[in-house]
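Here you go, one structure.
Here the chain labels run A, B, C, D, E and F in written order, and each chain numbers its own residues starting at 1.
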Amino acid sequence: MDWTWFHRLASPPHVYRIAGTLTPWFAWPAGLLIVAALYGGLVLAPPDYQQGDGFRIIYVHAPSAWLSLMIYSTMATAAAIGLIWRMKVAHAAAASCAAVGAWFTVVSLVTGMLWGKPMWGTYWVWDPRLTAQLILLFLYLGYMGLRAGIEDTARADKASAVLAIVGIVNVPIIRFSVEWWNSIHQAPSVMKMDRPSMPADMLVPLLMMLVGFTLYFVAVLLVRLRAEILRRERASSWVREAATA
Amino acid sequence: MNDFLSMGGYAQYVWPSYALTFVAVIVNIALARRAHAAARAEARRRLSIEGEDR
Amino acid sequence: MLAVRNFHVFRGDRHVLRGVSFDLAAGCCLQVTGVNGAGKTTLLRALCGLVDVEEGSLLWRGAAIERSASAFHAELGYLGHDAPLKADLTGRENVRYAVGLRRPLAAATVVRGLERVGAGAFADRPVRSLSAGQRRRIAFAALWLCGVPLWILDEPNTNLDTQGQALVAGLIEEQLAAGGLVVAAVHQELDLPPGRRVDLVIPGGR
Amino acid sequence: MNPPPAGRASWATAGRLVLERDLRLAFRRSGQLVQPLAFFAVITLLFPLALTPELARLREVAPGVLWIAALLSSLLALEFLFRDDAHDGTLEQFVLSGQSLTLLLFAKTVAHWMLTGLPLAVMAPVVGVALGVPLQALPGILAALALGTVTLSLVGAIGAGLTLGVKRGGVLLSLLTLPLAVPILVFGARATELAIKGADYAGPMYLLAALAVLGLTLAPLAAAAAVRIGLE
Amino acid sequence: MNPPPAGRASWATAGRLVLERDLRLAFRRSGQLVQPLAFFAVITLLFPLALTPELARLREVAPGVLWIAALLSSLLALEFLFRDDAHDGTLEQFVLSGQSLTLLLFAKTVAHWMLTGLPLAVMAPVVGVALGVPLQALPGILAALALGTVTLSLVGAIGAGLTLGVKRGGVLLSLLTLPLAVPILVFGARATELAIKGADYAGPMYLLAALAVLGLTLAPLAAAAAVRIGLE
Amino acid sequence: MLAVRNFHVFRGDRHVLRGVSFDLAAGCCLQVTGVNGAGKTTLLRALCGLVDVEEGSLLWRGAAIERSASAFHAELGYLGHDAPLKADLTGRENVRYAVGLRRPLAAATVVRGLERVGAGAFADRPVRSLSAGQRRRIAFAALWLCGVPLWILDEPNTNLDTQGQALVAGLIEEQLAAGGLVVAAVHQELDLPPGRRVDLVIPGGR
């Protein structure tokens, strides 16, 4: 098997360049999808027969909740790769994930709370799904705290990688908490492949939003990754061209 | 239009949600770009004083 | 027996060791000198694998050593700036637990070790109540009892009185005579026969 | 007068020595041994003071109180699991001993559990009675706590390893460990609650056991990796 | 080339320098600042998980939960009040500085309160809302916590001084401090409860204030005496 | 200027100092020697009031000193086995806070002190990332800047390179020339003019 692609993946200047090239390819489709989904979700989709127009929060709540979990998984995967193959670029990618993930965890919490008030009559209940999401926020905070607590980058990389990997056990707990406990939170309705329980004109904008947010995240991650690589490699010779270009 | 803005009585929940989400979306773009710009500036600063230390 | 090729080590952002190489045969002592902050401690810890090496290789008995290679570690004893002792345990207990991890150890052997370094009189007092030099002696007893071929010593004479310094010199000579190796960072030159001593001066620092 | 050369110590000896050493250190200060217990007792005492002195309502919160107190006592002691050893260079010598670091740290974790988790579980019935828990629930509570604290110690060992390089890591340690400890707390409190109600508590106990097995297999490895990193 | 001889530093300068130093040390690691807050939040999070998720019943236990969490966060941070300084010899230099040790330790205690008690009080309303506390009770809770944590820090300073000579003094510290902290907990929880009920909570607040005054006058002296002893 | 009469000090159950007496005039250095565990550190700490004195008296400028007499402390600087530095602060900050407690201090003065001990180059790095000798230098900068008449030094040469040891010798000579006093516990004799040196050998130990 030809492993050159793998080694090239590990080379900072290469990743820096590739990331730069790829960014617009994710950013523009993301923007288009999100705008289209906004139109579809806010204008085209009919009001829900139970929740009226209140259900439209789903178009921001579900994607941000999805992102918060997806970003954590990405972070843990990157951290594991960094730890196992000693790949600095992977550590840089993991480091770039945390802040974005924490942001969208907060967004999912707040939009969820805003949705909870009209639907459940209260902003917050100590429901397993909700609590688990709050714990996810603390995981992100712990990860960032650990990183901030260790000055040496290489050491911070490895220590936080261990934490990210250990913390991944929480992700399935969050995803499946709704089924394990009888939560008042919505059970997965989109990801059920057999029979989506939503009419198409509601579902399609949601799917577009999900894809749009995912692409958006990749674009943001790529920019952050470039910054991180540049910061770490500031002593290397290739940075000369990259910084002045 | 007014209908649209009132969101069937849910305006006070729907619009803040959308606002917060898109603030987060924009802020994250801004933060990422700022981090990149700062890293480039730092690298350039280091290059300009190069040879003094190492 | 021990060879280092082109070691490059960073501490934080500082490029501390810039290509250090040496060869050390059995029965020889590497004397590492350099001003404060040159990188003596860094080199010693890098040999132990306690500090990451950016580039370069370490050969022991002709074979390259990875970081955290436990077979290599089992043949090595390290004594740093501070003696690795538990303040609440007595000297005897400290020696027993530290050395017992590495080799089967009879109580009588522990006594021999403690007496070898002149620590017999205070071996049963908790280490917290010992003077600085007394602690160093306990640490040397543990090192000696390990019976490993490679000693790595950071400023071994610290806190020792004149007799203690002579004792350390004696221990080192014995270790070399038995075909062992010693790597020692010092500020005062070691008094060893020329054939036994290899000098390494680390430039830079302070 | 060379030291008598000898073979290598077996891993079993090494593990036993580490365990013995930690126990001996704890017994040296006999007061230290009672401390987690006393802390546990004091914490549980605070609740009646701060919440409500009525026994009937205390009984309702008893499972939660017991588990939170256990979690916190265990956590407080964790801080010292590796810190002292890191500070005086013992941990470095562990790494350089040629023995498996995973094994040595596992021995330390076992010692930690024997010194905190186990006495805590043994003590819990006493505290439970003070909170108005019926007698027949006590064996269940003891079993659940004994099992849960094993996992707590194991998870805590990872956190303690990770925060080694961090000055004043104590608070960060809690911040890292508590989210990971939440499942233990939830299942543990659930088992206790069922035991108090006189219902069958096998379900959450199985889950606790599953967590313990998961912890036993993975945590020592993760802790060893963390310590290696933390030693710089 | 002798150092320029100069007069003695005034006590005000000395106190200010100690305060500034401790704040700077805390801010050096920006993450450290949020940690007591995060710990406070995580602890409160444990209660709904372990006790009951129903807001109506949580509201009943909210005063107790808030105060116990505050007590524990404050306690956990206390551990480090003097320990680091004792360990690296700074405390010894304080004793030898020719300045009043009482004053220097008081400055350290103030810094400790500014870094734990104050942010905790400010954070409490947020946590309170999550526990179902009505909005109009929040100012009262904030005031009670701000006042109560002052006394907690002061009392804790005595405990921290006394446990200096004790290895792994953390648990012992809690044991010494918690009983002394019980009055604060009781009055504080009472004030909070009254505030939640919408009743007049001036009574327990006066008592809290009295405790704070008592603490301010006596605790620094006791802490200085304790530290002198603890330094051996 | 400094006089000790018949000091008796116990550490735990051990009668460590059994009637130590000496007189030290301005401009003189007391060189304390003795084997490991003799009681050098104990004597120095007893002078500072950090260890309880069972019997005996301490006179400073002719007046007897109680334990914890802050006027005496204000004239004394103590440097023990370990440098009293905060690992998270830089050298400059450490000096500023340590010395600022005792005297008004301008930033320029701090710079002078750091440069005096050759610590200018690493004064702005956190102490945790300094080598053993670099730390000792920072501690000496603080001591020097205190400008106090009495220095109490425990093995001042520890961890210092040759130039560092010369530096310390220079600092001590200056201090004496300016009419100050130095009490130093050492294992290698100090190189001072005979008139400036008073010897005290503590018996027992090890």
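Remarks
We take it that contacts are C-beta pairs under 8 Å (C-beta built on N, C-alpha and C of every residue); 3 or more make two chains touch, one makes a residue touch a chain.
All of these numbers come straight from a predicted model, not from anything done at the bench.
Counted as hops between touching chains, the shortest connection from chain A to chain E is 1.
Chain centres computed from CA atoms place B at the largest separation from chain C. Among the pairs E-F and A-C, the greater number of C-beta contacts is found at E-F. With centres set at the average Cα position, the gap from chain C to chain E is 45 Å. Separating the centre of chain C from that of chain D, both taken as means of CA atoms, is a distance of 36 Å. Each of the following residues of chain A touches two or more other chains: 131, 135, 138, 141, 145, 149, 151-152, 235. Touching two or more other chains at once are residues 12, 87-88 of chain C. The multi-chain contact residues of chain E, meaning those touching 2 or more other chains, are 29, 31-32, 35, 38, 42, 45, 49, 52, 84, 167.
Listed in rising order, the residues of chain A touching chain C in the complex are 151-152, 154, 235. Those residues of chain C that touch chain A in the complex are listed here as 12-13, 52.
Interface residues of chain A, counted against chain B in their complex, comprise 34, 42-43, 47, 52-54, 56-57, 60-61, 64, 99-100, 103-104, 106-107, 110-111, 114-115, 117-118, 216, 220, 223-224, 226-228, 230-231, 234-235, 239-240, 242-244. Every residue of chain C that touches chain D in the complex is listed here, in rising order: 48-51, 68, 70-71, 73-78, 80, 82-89, 93, 96-98, 100-105, 109, 112-113, 116, 144-147, 174, 178.
Residue ranges of chain E in contact with chain F, taken from their complex: 1-9, 13-14, 17-18, 20-21, 24-25, 28-29, 84, 88-90, 92-100, 104, 228, 231-232.
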